[in-house]
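Remarks on the structure that follows.
Chains here go by letter, A, B and C, matching the order in which they are written, and residues are numbered from 1 within each.
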Amino acid sequence: MTTPYLHINGIRKVFGEVVATDHVELSIAEGEFMTFLGPSGSGKSTTLYILAGFQDPSAGDITIRGKSILSTPSHKRNIGMVFQRYTLFPHLSVGENVAFPLRVRRMGKSEVDARVKRALKLVRLEGFEDRMPAKMSGGQQQRVALARALVYDPPVLLMDEPLSALDKKLREEIQFEIRRIHQETGVTILYVTHDQEEALRLSDRIAIFNKGKIEQVGTGPELYANPATHFVADFIGDSAFLAGELASVSGERAALRFADGTTVAAVPLHGSGRAGQAAELMLRPERIELATEPGPEGASLPVTVEDMTFLGNNTTLAARTPWGAALSVRLNFGHPLAANVARGDRLHIRWSPEAAHAFVRG
Amino acid sequence: MLLDFHKLGAWKWLLSGICALMTLFLLMPILFIIALSFGDSRWLIFPPPGWTLKWYEELFADPRWIGAALTSAKIATIVMVLSVALGLLVSLALVRGKFRGRAVLRAFFLTPMVLPVIIVAVALYAAFLRLGLNGTLVGFVIAHLIVALPFSVITISGALETFDPAIEDAAILCGASPWEARFRVTLPAISHGLFSAAIFSFLISWDEVVLAIFMASPGLQTLPVKVWTTLRQDLTPVIAAASTLLVVLTVLLMIVAALIRKGKSR
Amino acid sequence: MSITLAPKRRGSGLGLAMPAILLLLAFFVVPVALLLLRSVTEPEPGLHNYRTLIGSATYAKVFFNTFFVAGVVTLVTVLVAFPVAWALAIMPQRWASVIFAVILLSMWTNLLARTYAWMVLLQQTGLINRSLMALGIIDQPLQLTNNLIGVTIGMVYIMLPFMILPLLGVIRKIDPAILQAAALCGASKGQALFRVLLPLAAPGIASGGLMVFVMSLGYFVTPALLGGTANMMLAEMIAQQVQSLVNWGMGGAAAFILLIVTLGLYAVQLRFFEPKPEVR
């Protein structure tokens, strides 16, 4: 394999007793939109700060085109960044904020003017040059921050939850802008968020962070269809987990047995395991089908309906397995069962073998 | 990252160096007089050739020093009580009052703090000459009260602003009379403000020089006046001994104030 | 609840402040007004006291000394206080609290005790002169007291806390992420200091500096003790006119000028900078 464009090589950061990131390893292609997704405290922001040079790693290296950047101070890294908090310089106008990176690079006046104009056009804020930041909305401020981060054509742009302070509608609007700007400029973007929808909407690839480690890297559909761990399955999309144990393992597939002896067969198994180990069955609710008869190949379970809630486009059933585990099942509006299902009905949930996953429990 | 101490590089040492020098500059004179007060050189040679307690003996043997200290203590105590009492009434009016012009009244109460003391001193001196209050205890107390009151008002109204009057209402609903509610509920709740105001007022009166110089007579003078008149004659080490005792008092009061603040945050 | 209780219980509240209002009227407002009145009535009605003050070279020197010393003290105080406040805002808590305690100690130590210490330290045979001579920097002791050098050193010592504390408050409120942004934008430490940190701290520097300047203008004790009679400042002159020369007209006129300048500068302060709560 050729040298990757940006390589994060075994980054580890320890604050006193706390390990913030532990051996983070990741390669990013030029022009790629890579998102770090994870809960707060998972190490995604720490990794970004190390890239920006705000913190030094305890171990590991970061290279761009094979050259380490760690010994370069922040102001010489030529990296752009948009922060979670509003970080426009409050004493400078919008135009001067965007011009700031060019002024400290001692660029000529006509060049500065032309670039500021172009950058503000890119974020659709032409004509706002003389406005003061305090007189702008949060969304506008973040767009100015984006212009300021891009005006000097940095090859890499870091974004640290830039939209978390905005309301949902505005957030979606700016997400769309960010996608467009990514396509227009071709800049490599590293984007940190804890919002899975935002990650799926924006990214080429997503790295899922948990407890200082990367759990899985992949495109949205890959992560959704093939989560490598329980954590990823839980974090991306809705899913139901049913705890049991491995009844038998053959290659990549396993049969699971539950508390009352019910078994399901031929479930794709993630990680290695042997018969008798604790494991769990993961199902996506929208890929579960409700039927009066059990399905073929053991890809089904009997359930008892406990409650129904009509939610417009679907009816959500609260159901219980014979051994007492709770489960929710969606019936799309117009499903033949939706109209005449009742509390206490005994039915079967069925799925295609590829839609279920088995995870060995650590 | 100029606001991240560990990312300052060489600048970190520059800033730390300036801080260290400034701390030394602030601390040196205080440590210096403490050392001199125990040195046995009348001419204030440093380091002193030997150590002695004779300046303290001289200080305590002189009835004028003792008398001045007692006068200061008496005046400061009276000023403290009056300043807290008046400050509390003013604060209740400023914070709880419903009349117009409260902002103006607040500014009015703070002006004696803002004006140069020399103006107040000269003006009061003229007035007291006519009223015959110069060189009297009452004259001292009035003069010191004028400059101590603003600090009392600031501290007590600050404490009162953070206290929710609804709690007082609750006490009244429980059957307390309005004044009973103030005494049993509000006063204890703002006690830290009252204590701070008391300490500030005492210290301001105790340390006050300019007004005191104008109010003093040969028969009645405060400790700062005694230090002042002695200083104008010569730099005797007795002043170092007196100053050291004043520093000790300051440290004690600072500790008390810190303990009060700690008790408040708990 | 408060709707039913409030009118009965709280009244207007103005009555509570009455004793203090009367006290201030009788012993502050009226005496100051009378003093100012004497400036235009004694020895005879007219503005001649002010004409003398503005016209004579002796008084011109007093005004020059006053404004010059206040200006230098303010400048030096700002130059020292800014790095100190900056460091205090970001250094490890343990060290910051030690330095903070020293600042409070020096601020609350008796003014005369502090001035006495400087009189001894700065005198001809004092520690400073002897140290400088021992180090071979000077051959003859420097004249450091009874002149404006002594006054300036003594006043800087007294004013430093009044500059550091408000500046510390201003710098603590600046978001460190703004400086991180400046660094990533390519600003070196020097550029970030002059283009971002200093402009953001400027309101605090201006308002603290103004406060120190105003306090220095009217200061009495330190100039009187460290300055000597040849280098008089305004407050000292007022005292001298009243106490030694018993010239109430001139004393009142000088006091009026000091009052106007002081109130004028405070008005600037209130107009352009938010009023800040006292830091004590």
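Quick note on the criterion: a contact is a pair of C-beta atoms (placed from the backbone, for glycine too) under 8 Å apart; a residue touches a chain by one contact, two chains touch by 3 or more.
The model shown is predicted, which means the values in this text are computed figures rather than measured ones.
Taken as a graph of touching chains, this assembly is fully connected, with contact between every pair of chains. Note on interfaces B-C and A-B: more C-beta pairs are in contact across B-C. Centre-to-centre spacing of chain A and chain C amounts to 57 Å, using the average Cα coordinate of each chain. Measuring from the averaged C-alpha position of chain B to that of chain C gives a distance of 17 Å.
Centre to centre, using the average C-alpha position, chain A and chain B are separated by 60 Å.
Annotation for chain A: residues touching 2 or more other chains are 54, 74.
Shared interface positions of chain C, i.e. residues touching 2 or more other chains, are given as 180, 182-183, 189, 192, 196. Touching two or more other chains at once are residues 1, 4 of chain B. Contacts from chain A toward chain C in the complex involve residues 52-54, 73-81, 83-85, 87, 89-91, 100-101, 103-105, 145, 148-149, 152, 158. Across the interface of their complex, chain C is touched by residues 1-5, 8-9, 11, 14-16, 18-19, 22-23, 25-30, 32-33, 36, 43-46, 86-87, 89-90, 92-94, 96-99, 105, 108-109, 111-112, 114-127, 142-143, 145-146, 149, 151, 154-155, 158, 165-166, 169-170, 172-173, 178, 200, 203, 207, 209-210, 213-214, 224, 227-228, 231-232, 235, 239-240, 242-243, 246-247, 250-251, 253-254 of chain B. On the side of chain C, the complex with chain B involves touching residues 1-2, 5-6, 8-17, 19-21, 23-24, 27-28, 30-32, 34-35, 38, 80, 83-84, 86-92, 98-99, 102-106, 108-121, 123, 125-127, 130, 157, 160, 171, 174, 176, 179-180, 182-183, 189, 192-193, 196-197, 217-221, 225, 235, 238-239, 242-243, 248, 251, 255, 258-259, 262-263, 266, 277-278, 280.
On the chain B side of its complex with chain A, the touching residues are 1, 4, 7. Residues 54, 74 of chain A are the ones that touch chain B when the two sit in their complex.
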